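Same chain, two partners: subunit A is paired with subunit B first, then with subunit C.
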Partner chain A sequence: MDYATLIGQATLNGLVIGAMYMLMAVGFTLTFGIMRVVNFAHGEFYMLGAFTAFFTYAYWEIPFVVCLLIAALTVGILGVLVEGALIQPFRDDETSGMIATLAISVIIQNAAVLIWGPAPRPMPDIVQGTLMLGPFSFPWSRLVVIAAAVLIFVTFWLFMQGTRTGRAMRAVAQDKETALIQGIRINAIYPLAFGMSVALAALAGALMGPVFSVSPFIGLTPMLKAFVVVILGGLGSVPGAVVGGILLGLIESFTATMFGSLVSDILQLLLVIMILLVRPSGLLGQREY
Partner chain B sequence: MIKRHKFAMLLCLGAGLSQPVSAETLKLGVLATLSGAGTAWGISMQGAAELAAEDVNSKGGLEVGGKKYNIEVVAYDDHYKAADALTATNRLIFDDGIKYIVGPLGSAPSLAVLPVTTENKAITMTMAFTPKALSPDFPFSFRPVIPTDIFSDPQIKWVAKRLGVKRVGALFPNDESGQQIAVVVEAAYEAAGAKMVSKEFFERERVDFVPLLTRVLAQNIDAFELDGNSPQTAGLLVKQLRELGFKGPIIRTGGDATADIVKIAGAEASERIYVHQSIDPSAPAMAAYTKRFEAKYKVPMNAFSPFFYANIQLMFEAMKKAGTVADTDKVRQQMLSLTGFETVLGKVGWTGQEQWKSNQQLDAPYYIAVLKGGVAAIVATCERTRCE
Partner chain C sequence: MDASSPTLAKIDQPHGIRRHGLPMGLAIAVLLASAIVIPQFAANQFYLHLANIVLINAIFAMSLGLIMSVGQLSLGHAAFVSAGGYISALAALNFKVPPLLGIVLAGLTTGLVAAALGKVILRLRGVYFVLVTFLAGQVFTLIALNWQSVTHGANGLIGIPAISLFGFPLATRLRFYYFALAAFVLVFTFIWALMRSQYGRAFGSIAENMRLAEASGIDVSRYQIIAFSLGSGIAGGAGAIMIHYIRFISPDSFTFSDSIAYITMLVVGGRGSLVGGALGSLFLTPLPEALRGLAGVQHILYGVILLGVLLFLPGGLVSVGRFFKRGLGRQK
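What follows is the complex of A and B.
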């Protein structure tokens, strides 16, 4: 395998994993941007999305696109309920809100272990086979993840930019008090934002389930990566989450391919620290005064 | 007066005879990975303990020194982590008062808990492949599964010769187990005239191996070694290797993972995989055990399970011979004296004195199989030193 092939292969690998990080991070940063809540349970909603896709696709054999919709809807509605019941009471207290999300994370994960057991479950591929382009091997299952992630993000972006509710969400993110004065119902926006945020995590989980496997513990790594991505891209910045997600995926892929897994882990975090030293508010984040 | 005493004694005797002899409880600990990537192994150990307990309890208990004991299984998850294994061991020994433990599972957890179990004279049955798990310093540590040290040389020699393998690539977990197995396997390939041209380590939580496999494949390998990886990880590695277009043979030198590999990667991707097969599934006793295990747990039986079941069979027999469950030293000595004992694996004995100065390694034959259509077909039978 020559260098050009290696670089091409590493780029595709990085885009796949970056697309997943992007979906996770966009949801994560949305919650923070609008609600000022760092949602430590974000990874568990990713896991719930993966399990929903597992049962609907692997057991009930529903078409995968419908499975994605079911995952987004069920987890999204669950998110709305969780926000109303467990996060809303801590709305003006960021620290207590964080602790609440940590508790939600533990509750969801342990409940999943009790209900579905701890063993990882393999999921059948959405599409099988590999696209061979000269020396490059592109598994179709991974290409589908990139395409689906882009489509989901574009839909989300259009919603945020082009709809009344999307604009209201952005207004709340920019200035809560002014948004209130303009007649925006914050009590409706918060649960909706949280539901959308965890629905994005669920979609990421549902997309990655067939590529890897599904177990109650799969949420931790994407959650940690999403955390790194939003810090890298700028906390609260959606474009930052996109750039950060793709960038982290590519960095991870290239460093692992060139230097191996252990060096890759070190290099990734070193690069993030270096970027933050130069731009403390993240790549596309706004400095807070 | 005397008559009245006699009457009272008879009454007492009668009361004593009419009371059913209630069995005492003997707790059997399980210290294994019951969540995450090593779950298939953990369940195989827990299942062995529970099925062995069922055998005894269904017959009214284990009779030792004139007393009947019902076996109660107490299982804790070590998450394949040394610190968690130590916590679980402390609970087993100090809270539950257990002196017989099925486990620990991995090498790192084993090395963490063995000083504690040894000090408290608790008999353990480890799955750890590290050579340090058996030693004169750990007289209560037994190993029912056959480790890489024993089978890697003859098995790799046989497979490398048959496939004409010269350049091998491999990924190993970055812990005591993975590091240890990498050393043993690499030496075995060298001895067989092949070279491990690409060897990478990764953290056990990893599920995306594509970047690392791309790096390995760049070395133009003609075979890939899976040893040291948990069944689920082995399945993901096979799946991702084939997705990257690798069509060469894949070798699984140790640790049964066949069921998970086929389940995760699919039958087609699993073609041309040469696996270490620790059991002959067609043997009647083994077939019966497999059927029983799978009926109870609704998952494919991992082939390590019968080794633990056999070790527990040996231990129960040793307890009977020792006439005690309290004196683990006596039980240990009786267990070592059992050679040619008929178990689910057939006749087994003990070995290991030469390698580890501890004769507490279970000795049983093993096999090499190739996967065809998702099913393992035995192609060679091996003893301690050779395969044919």
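What follows is the complex of A and C.
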């Protein structure tokens, strides 16, 4: 394999996982920014999204775009319910909230093992064929993932910037009390924000289902990477999550190609610790008090 | 951590002990005496084994509680347990280091590593600390899994020797029980004394209100590093004790789900009290045995219990007694 192919492959793979990390990290950072909740169940919602896509696409053969919508909606609604019932009671206690999401994660994952079994299931590709560009060849199935992730993020960004609800969410993230005084109903914003956040995770899971396989344990790695990304980009910062996600994907892809995936994972942690030494609130984050 | 959450130092204040001085001392003496005597008569191997695991899990949960007493939640606790286990196992297998020395070595090394790590990551407040301990735990598992030449990877290390005291091997469950009991009492007394010292008061004030503590001249990060390295060091030592009992260790012996299990024990027992960790272990360690027919359900039940306690009994099981006492007091 020559250099150009190798670099092309590594870049493409980096962008694919980077796009997934971006979606995961944006959702993760959203719940933290708005609700100050660290959601340790984020990866389980990714897994649920992947399973939803698996059943709707591989079993029922519904068009993939519709599968994505179904995954986002069902998981999003589940997220709204979970927030209302299990996370809201810990609104003023960050530590208890974190432990509650750990418990939710344990319950969802083991319920999935109980219902669907632990074996990984392969999922068919969304599209066939490859795009040839000079010395590079890109499988369409990967390009579609990148394009879909970008489209999903742009939709999310427009929602946050352009709609009343999006503006209300950003206001709550900036200053809860002042937002309350302005008449923003926090009790409606919180479940919605959590639902949107886990819907983004579900979309990431649904998109990656055909790339990797689907099993109850697939949520851990993306969540781990989302942690790395938000630490790099700063907790609560959406631009940080986007830049950090894509950057991490590329770094991971290139270091894994060169040194193997173990070294790549260890390098990532060292990178995180080094960045935290220099900038304790992440690259683009604001100081947390 | 907010002001309403209980801390070790806040609940077990010295005057509280003095007030209940005599009955409390009596209760402890009776408990300890029965813990020593009962196994002599009821030498059921299965219950003895369970009791051993309960004692060691209690040490894990109490050491985690020590870290939590400065308002920091560690998600990498099992990694320190595992590291302690590997250190002592490798020392015993490769260099014929006596297990007892290995346990001390494991405790010291993990404590020092925690101090170094803590120096870096305890500058981070709250959430960042939690995330980094989680990542560090994952990386540790990865290393243990992939460093084949030393750890034998997923196969683990077998044939780890039992602890021997003055040339007297603790190879039976009953003999080990007394060792574990002694270790438990030692750790319990140590943390209890620590919480009553100047350190305990500083820990409590940090957990109550970090900024206020800092403004009052308490060196927050110093005390946090002390609590983190003591807690992790105790976990490492206890991990070594555990593997000299089980006589086997692999990367799967102590994983992230064990970290969650320790948190569950601590929260269910009561995070605000030293007894809480022990009580949580006593309640939750035997639970999987009771549910053996329902593999898989047991984890879900752990999660449900954890959520239920968080929602309805934030003080944990130890607060049940206090709850009743208050109820009785009102009736009078």
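We take it that the second predicted complex is superposed on the first by the 283 of 289 C-alpha atoms of A that agree within 3 Å, B and C clash if a C-alpha of one lies under 4 Å from a C-alpha of the other, contacts with A are read in each partner's own complex, and residues count from 1 in each chain.
The rule is short, and it goes like this: a residue touches a chain if its C-beta (ideal position, glycine included) is under 8 Å from a C-beta of that chain, and two chains touch if they have at least 3 such contacts.
Since the structure is predicted, the reported quantities are computational estimates derived from the model, not experimental observations.
S.K.: Can A:Leu114 be said to touch subunit B (first), subunit C (second), both, or neither?
M.R.: It touches subunit C, and subunit B stays clear.
S.K.: Give one of first, second, both or neither to describe whether A:Val106 is in contact with subunit B, with subunit C, with both, or with none.
M.R.: Only subunit C; A:Val106 stays clear of subunit B.
S.K.: Return first, second, both or neither, reflecting whether A:Ile275 touches subunit B, subunit C, both chains, or no partner chain.
M.R.: So A:Ile275 meets neither subunit B nor subunit C here.
S.K.: Kindly classify A:Leu73 by the partners it touches after superposition: subunit B alone (first), subunit C alone (second), both, or neither?
M.R.: After superposition on chain A, A:Leu73 lies in contact with neither partner.
S.K.: Is A:Phe212 contacted by the first partner subunit B, the second partner subunit C, both or neither?
M.R.: In the superposed model, A:Phe212 contacts subunit B only, not subunit C.
S.K.: Examine A:Ser141 and indicate which partner it touches, taking first as subunit B and second as subunit C; both and neither are also allowed.
M.R.: first
S.K.: Per the contact definition in the header, classify A:Met132: touching subunit B only (first), subunit C only (second), both, or neither.
M.R.: The first partner, subunit B, only.
S.K.: Of the two partner chains, subunit B (first) and subunit C (second), which one does A:Ser253 touch, if any: first, second, both, or neither?
M.R.: first
S.K.: A:Leu262 in the overlay: touching subunit B, subunit C, both, or neither? Say first, second, both or neither.
M.R.: Both partners, subunit B and subunit C.
S.K.: If I apply the document's touch criterion, which positions on subunit A are contacted by subunit B in one structure and by subunit C in the other?
M.R.: The overlap between the subunit B and subunit C interfaces on subunit A comprises residues 113, 220, 262, 265.
S.K.: Quick one: which bits of subunit A touch subunit C in the complex? Just the residue numbers, please.
M.R.: Of all residues in subunit A, those touching subunit C are 32, 38, 86, 89-90, 92-96, 98-100, 102-107, 109-111, 113-114, 220, 224, 227-228, 230-231, 235, 262, 265-266, 269, 272-273, 276-277, 280-281, 288-289.
S.K.: Sort out for me which residues of subunit A touch subunit B in the complex.
M.R.: It is residues 1, 6, 9-10, 13-14, 16-17, 113, 118-120, 122, 130, 132, 137, 139, 141-142, 211-213, 215-218, 220-221, 252-254, 256-258, 260-262, 264-265 of subunit A that touch subunit B.
S.K.: For a test of understanding, state which residues of subunit B touch subunit A in their complex under the given definition.
M.R.: Listed in rising order, the residues of subunit B that touch subunit A are 34-37, 39-40, 43, 77, 174, 200-203, 205-208, 210-212, 214-215, 217-218, 220, 232, 235-236, 243-245, 263-264, 299.
S.K.: In the complex, go through subunit C and note every residue touching subunit A.
M.R.: Checking each residue of subunit C against subunit A gives 1-2, 4-5, 68, 71, 73, 120-121, 123-128, 130-132, 134-136, 138-139, 142-143, 146, 211, 256-257, 260, 263-264, 267, 296-297, 299-300, 302-304, 306-307, 310-311, 314.
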